[in-house]
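The chains carry the letters A, B, C and D, assigned in the order they are written, with residues numbered from 1 in each.
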Amino acid sequence: MDPAVLDFTASLPFDRRLGLHDLKGSLAHLSMLASRSIIGADDEALLRGGLEEIAEEITAGSFPYDLSFEDIHMNIEKRLIEKVGPDGGRLHTARSRNDQVALDMHLYLRDECKRIDEGLQHLQEVIVGMAEKHEDILMPGYTHLQRAQPVLLAHHMLAYFWMLERDRQRLAGVLERIDLMPLGAGALAGTSFDIDREQVAAYLGFSRLYENSIDAVSDRDYLVEFLAFAAIAVMHLSRLCEEIIIWSSVEFGFIELDDSYTSGSSMMPQKKNPDVAELIRGKTGRIYGSLIGLLTVLKGLPLAYNKDLQEDKEGLFDTVDTLKNLLPPLSGMLGTMVFCRERLAEAVDDDYLCATDMADYLVRRGCTFREAHQTVGQLIAFCRQKNNRLKELTPDQRACFHPALAENIEALLDPVKVVEARLSRGGTASAAVAEQLQKARAALSAHMTK
Amino acid sequence: MDPAVLDFTASLPFDRRLGLHDLKGSLAHLSMLASRSIIGADDEALLRGGLEEIAEEITAGSFPYDLSFEDIHMNIEKRLIEKVGPDGGRLHTARSRNDQVALDMHLYLRDECKRIDEGLQHLQEVIVGMAEKHEDILMPGYTHLQRAQPVLLAHHMLAYFWMLERDRQRLAGVLERIDLMPLGAGALAGTSFDIDREQVAAYLGFSRLYENSIDAVSDRDYLVEFLAFAAIAVMHLSRLCEEIIIWSSVEFGFIELDDSYTSGSSMMPQKKNPDVAELIRGKTGRIYGSLIGLLTVLKGLPLAYNKDLQEDKEGLFDTVDTLKNLLPPLSGMLGTMVFCRERLAEAVDDDYLCATDMADYLVRRGCTFREAHQTVGQLIAFCRQKNNRLKELTPDQRACFHPALAENIEALLDPVKVVEARLSRGGTASAAVAEQLQKARAALSAHMTK
Amino acid sequence: MDPAVLDFTASLPFDRRLGLHDLKGSLAHLSMLASRSIIGADDEALLRGGLEEIAEEITAGSFPYDLSFEDIHMNIEKRLIEKVGPDGGRLHTARSRNDQVALDMHLYLRDECKRIDEGLQHLQEVIVGMAEKHEDILMPGYTHLQRAQPVLLAHHMLAYFWMLERDRQRLAGVLERIDLMPLGAGALAGTSFDIDREQVAAYLGFSRLYENSIDAVSDRDYLVEFLAFAAIAVMHLSRLCEEIIIWSSVEFGFIELDDSYTSGSSMMPQKKNPDVAELIRGKTGRIYGSLIGLLTVLKGLPLAYNKDLQEDKEGLFDTVDTLKNLLPPLSGMLGTMVFCRERLAEAVDDDYLCATDMADYLVRRGCTFREAHQTVGQLIAFCRQKNNRLKELTPDQRACFHPALAENIEALLDPVKVVEARLSRGGTASAAVAEQLQKARAALSAHMTK
Amino acid sequence: MDPAVLDFTASLPFDRRLGLHDLKGSLAHLSMLASRSIIGADDEALLRGGLEEIAEEITAGSFPYDLSFEDIHMNIEKRLIEKVGPDGGRLHTARSRNDQVALDMHLYLRDECKRIDEGLQHLQEVIVGMAEKHEDILMPGYTHLQRAQPVLLAHHMLAYFWMLERDRQRLAGVLERIDLMPLGAGALAGTSFDIDREQVAAYLGFSRLYENSIDAVSDRDYLVEFLAFAAIAVMHLSRLCEEIIIWSSVEFGFIELDDSYTSGSSMMPQKKNPDVAELIRGKTGRIYGSLIGLLTVLKGLPLAYNKDLQEDKEGLFDTVDTLKNLLPPLSGMLGTMVFCRERLAEAVDDDYLCATDMADYLVRRGCTFREAHQTVGQLIAFCRQKNNRLKELTPDQRACFHPALAENIEALLDPVKVVEARLSRGGTASAAVAEQLQKARAALSAHMTK
């Protein structure tokens, strides 16, 4: 190959991050080759020593990467031969780069999924902590970014807990699809050596094998599935960050972010910009992009391995890094953000927020829901016109709309009571939220004992 | 609202397909309202009668859809009131359109997932059938669309079986995320009526509830997850269709498609165009598009319900229809396609396909893999230069490259023997494929007994 | 073909919208065939009569679409033969469905681009109108959704004018790429009839021809370019709608939307939901989706026509409709929305908004920008700590931070003066905005005289 | 900021590539500041000297990047102050990072667009060269990957010329949208300094200014437009590469790629894998991904600058690099690839390829196109059944299908004559292709004189 072309086709600049996983896979392969007498015990010891030295070099940062060898696999093999002589060339017996790289990617992503799951667990814990800490704060619940009904702040935050919980379930699904050992598929058809794939799987902690060698070297669907998991997860986080950005506007003023998570401006020294939240919202783009990128690569690709598949890595690595690196700042930002109780109290002291309860009250007094709905609508239109608050109307004024409104309806106009009335399971009353919190904690424990 | 604006915001043209699911959900809600005495038994009977009549009208195609009522929910409520009088307005007690539409979508997609799963099962069966029927046919296995090693046709086809198997596992994951009952969340905060969400869930066959009312009305992640499943599945099918298109070219000539699945040309009467395969490959685009479409809608959306969420439907419906409708023609096309044994036999009679085995042979004779690889490379270069086939070389000529090649190496040059040597688990030898087929059949049975 | 397969492959359900454009193209083709004596004058008259009758049927809605003929082209040909007898079969002389459908799509999209351009022009006019009407209103300019500097409302709105202006430039680029006449390319290689493609082009108002017949039938890049234009345009509109949604929150309260463009809630009668703005923001998803959808279809497709290309239509049609239909409600909503002067006045009465000007003042007094920046930062930190407004500080207090601050700095703290100081071209001072408005009007006129 | 958060939000690792463009912009700004006496002549000289030294450091690779300063702009300012003292802080007068980074991106992308345009020009020249060199070679033209009609190889290749020509037109459109100078917009509202934006624009070679300061700092649509251009261009290239991959299969055997552009296999030494073509096809994914990524970032973002916008860079840079780097190997591969004349000659010696011409012949003899089409269809079906070639039929046999077929129809069965008959403009006859080549060369010249 032309050196310029080699540059174009080389994967070393990005697949070098697979080095240690590649060595782990090679050690498993080596061990199996020896136990099946495909290579001798002497060779095994020799090669094992070489591989272990290389692992130390990689860990120490002293491994001499050589761009004239196109990928990490060739770099390691070449280094091995430098260390142990031509017998290093025996390691690749009964193996092809196609199944080797497939194995490396499985090992790599399995590790990263676990770390991401830890980050998600921590974020869930932070949210639970916020909910527990602020259990008495009310805020407006919004639909269409219009105040709709008062809710507990804890309830609002816990909505995100459950999204993350489903994200973790999806991640567990990804891990199931990762849990298939590809080595032994060779280039595409298996091998004529009498290998023991079960042994390799056991050595590496896989519980299942690919049952078809062509599938084993062509399968990238677990990578797409991971990217889809990541896209959904970051979508959830983009929603949370959007709220944080809106809440930290002067106009909302619901929260104050800790200085560690905001920046000033080069020209406007008074600003406290929610950079972290904005950046996480923005990072949604690159993850969606990587998802569609890999789907595009795979579209219409005939079996088995094609060079296009080399393009499975950079978008995936970027997504792994992005997700892994945004979780700690997000957790930190949430854990340190301060709610402005006064502003939130003012915001819920908006008696239109109680319209639903007034309608429900009329239903209990015999109205159909539709009548009740209309009646309350007229009452509110009247208040708007008069520029009155609902609580300022006299019983007589209220009675014009419906006789039952002449009674004492104070409870309907008190946001705390309105919240406390929503005792339905999953509702926003304190008791319901306490039950929800218990379920959330149980879910966290269940993950940890798995 | 302005009528033109109403047109713009109306969802009836597409959400009318939810009619029967909406009624099913309403019947469950009604039953619960009555059992909790939120409405009386008389009203229950009255409303149930009305709802059942409406279901008949929808089924019969006689339901009078009215575009001046923006969505299917309002259409049904209006019709109910027409039928039973103002008491029809009681049905919406303790419910909001937000949780109602969430329930409808869960019910709808649950049904459709099951149908799609059946279509996938059928496709898997067709593939197994093809594998069983053609177990003696060899074909070249390809990498980079270059012939690489001979494989059993059955082995090649079964690669797709396992992709579909993982697709079905993913679909089962989607069904788990669908299995959450949202009703009772109200607009976003729950309800002050003393409802029984567990009863509704049991009535409708859900095993779990949303534990947070805000999450219940905002969650669309199960829809994205479905779209991601569909994108991966159609990606797999696009790969299969690409192969079918290539195989049915005159140059490959590996298969002949049944006339029912091809078209002629308006200008070139001799053509047999693989339209079905091309169209399925092309339909990958719309499914990827719908996936990215919904992800875009959800990006950065604050809680809880926003009108943007109405855009969750058309792309989903289109994906459901697309996937459901392409499976039968695909199964039909595969089931009727004829393999051209002669062309396949010619194609595997290419002794370069045996290079790997020759290298492996040298490894068994003591070479390292790298030496063996080089030796075979030189041998093949020699043949190319001389325009000889490998089997035409004399033992002496072969010996020039390595002494072990002087021996009888016929077995290495016979594609059948080469195939049969790949006995490693998941490999292409007949025995290994037979074992694979058994596992495939077991997987199918496992799905059916679930 | 199997009828179920015919259903799967048929395009009539969506390509019927091309009927009139197909007829227009056929009339041009017919006229050319006659003028080159490829068909006789009698036949021309006969066929022309038939085609014109069909056009009337389509316009009147009485055309008998027949699903057993797969597409609109076959439907029209069949109808023509019904009307004029077997000579109807002469129309397809020197033509193929491949170049015919390419022509139809060019004609269709050319018309739709013009309508969309009119809609964009109208929207720009509405924005200019808003800017002219509200030229004295100030509002906070935001970065990071934090108030940054006061600006004229007119200036803020005009930012969207220029985005739309670039969108229209891009649309003009699309029209240039559409302005290539494909007919005469035949199935892919041209035709042996002595046709006159220039005549057809002139008849239909095209200024250029495809110079390569294979390209003519394979090219779909003008469709992708249109979708990319649409994606960028709707992205701009999604930004505007996001602002409208935020501004119409109670917390911002900057605007009140007209009731015609908002909806109430089934459960919360007090709500005025900005449905139109939300829905437009949401429609971004489907347009992005259609863009990626068509890009996916085209990826890796060999020349020339492939059935996959049939998938070029539905996403395009949907995007045309979406964009065309959202512009009038958007223009209407903007044109009727009312700005709440009081709330905006309160919002700019925030002396931190003047920090930049104070820093600039210090620069004029000899500070480097960085020193000035730090000094103002300290001053503001001091005010925050003391809970003072800047204007409440005494000259002596100010002098502690920098001697120049002891002078009369009232002008720096008056938002109107701060705005008026930004006289740089493109800046927010009234005079600069007036100049900008003039340029905007000139741009509008330039479009209209084109 | 917390150091971990600083890491998360820092852009230095990727925006350092903007260093020289940043300096160029700063020199223009500095020159203007001096000419308007906003800074003194001494300061100008001092700062200019510092900036020039920094440019040398960056060029030489000796610039001391400091990750504790978050971006390239702060790094350069800090270095300037190190070099020239606190007066370095004067450079930022009348400027903000928002308009500064906007300027840098305009300058950067303008340069890169020009380089990409050169790469596209070179690729077009290679294609023209191939067409000229092989003007006598015929090949089958394909639809549905089925042989359809014989065409000149030159004609087929030139189809790509015109796609690239449109790509370059689109790129010219991007350059028009880039040709807007943003500096002077400040953070978002303009500046109170008496700057001269026209001077800066002239200095830097821009012909127009942003007329609205908010738009100037928020606009990223030129980046999206570039990504859309790139997506369409790489889509075209993916089609070409797909063909190259198919053509270099053993089954097609139409071309032989030069060894410099292929790779062998670690396990199958005989393989010549079209790695370059596959990798280019695969790189389509990342470009589509970056397009959707940036569109996602921008969706629903309120004005003006938000931190999300920092995510505009990496996908763009990657796309610039990808496109720039794939053009030379692609040109090289095309320029060195060898066509296998024998295989191509065999492939066009397929008399079904002449069916269209036979139908056209019958039309000339009075048949309607539809009759002719049917007649030829029956003739071909007859040959298939008899396993005869068309040329083997006797005149009498042919006459059974239509009397006109009894005549000498040799010319209809000779692929060369069939090709030469397609003289319609843009058709595949030699004369038409010669004219096309002339137009192609004219287009190339037109680009060069621009």
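The rule we apply is simple: contacts are C-beta pairs under 8 Å (C-beta built on N, C-alpha and C of every residue); 3 or more make two chains touch, one makes a residue touch a chain.
Remember, predicted model here, so these are calculated numbers, not experimental data.
Interface comparison, A-D versus A-B: the higher count of C-beta contacts falls to A-B.
For the pair subunit A and subunit C, the distance between C-alpha centroids works out to 33 Å. A straight line joining the Cα centres of subunit A and subunit D is 34 Å long. We define each chain's centre as the mean of its Cα atoms; on that basis subunit A and subunit B are separated by 24 Å.
Within subunit D, the positions touching two or more other chains are listed as 92, 143-145, 148-149, 186-187, 246, 265-268, 273-275, 278, 281, 284, 288, 291-292, 295-296, 299-300, 306-307, 356. Chain contact topology: the protein chains form a complete graph, every chain touching every other one. Here subunit A touches subunit C in the complex through residues 143-149, 245-246, 248-253, 264-275, 278, 292, 295-296, 299-300, 347, 350, 352, 355-356, 359, 373-374, 376-377, 380, going by the rule given at the top.
Interface of subunit D with subunit A (complex): residues 1-2, 4-5, 8-9, 92, 96-97, 186-187, 259-263, 265-268, 273-276, 278-279, 281-286, 288-297, 306-311, 314-315, 325-326, 328-329, 332. Note for the complex: subunit A touches subunit B at residues 77, 81, 86-94, 98, 141-145, 148-151, 155-156, 158-159, 161-163, 166-167, 169-170, 173, 176-177, 184-195, 197-198, 209-216, 218-219, 221-222, 224-225, 228, 231-232, 235-236, 238-239, 241-243, 246, 281, 284, 288, 291-292, 295-296, 298-307, 356-357, 360, 363, 368-371, 418-419, 421-429, 432, 436, 439-440.
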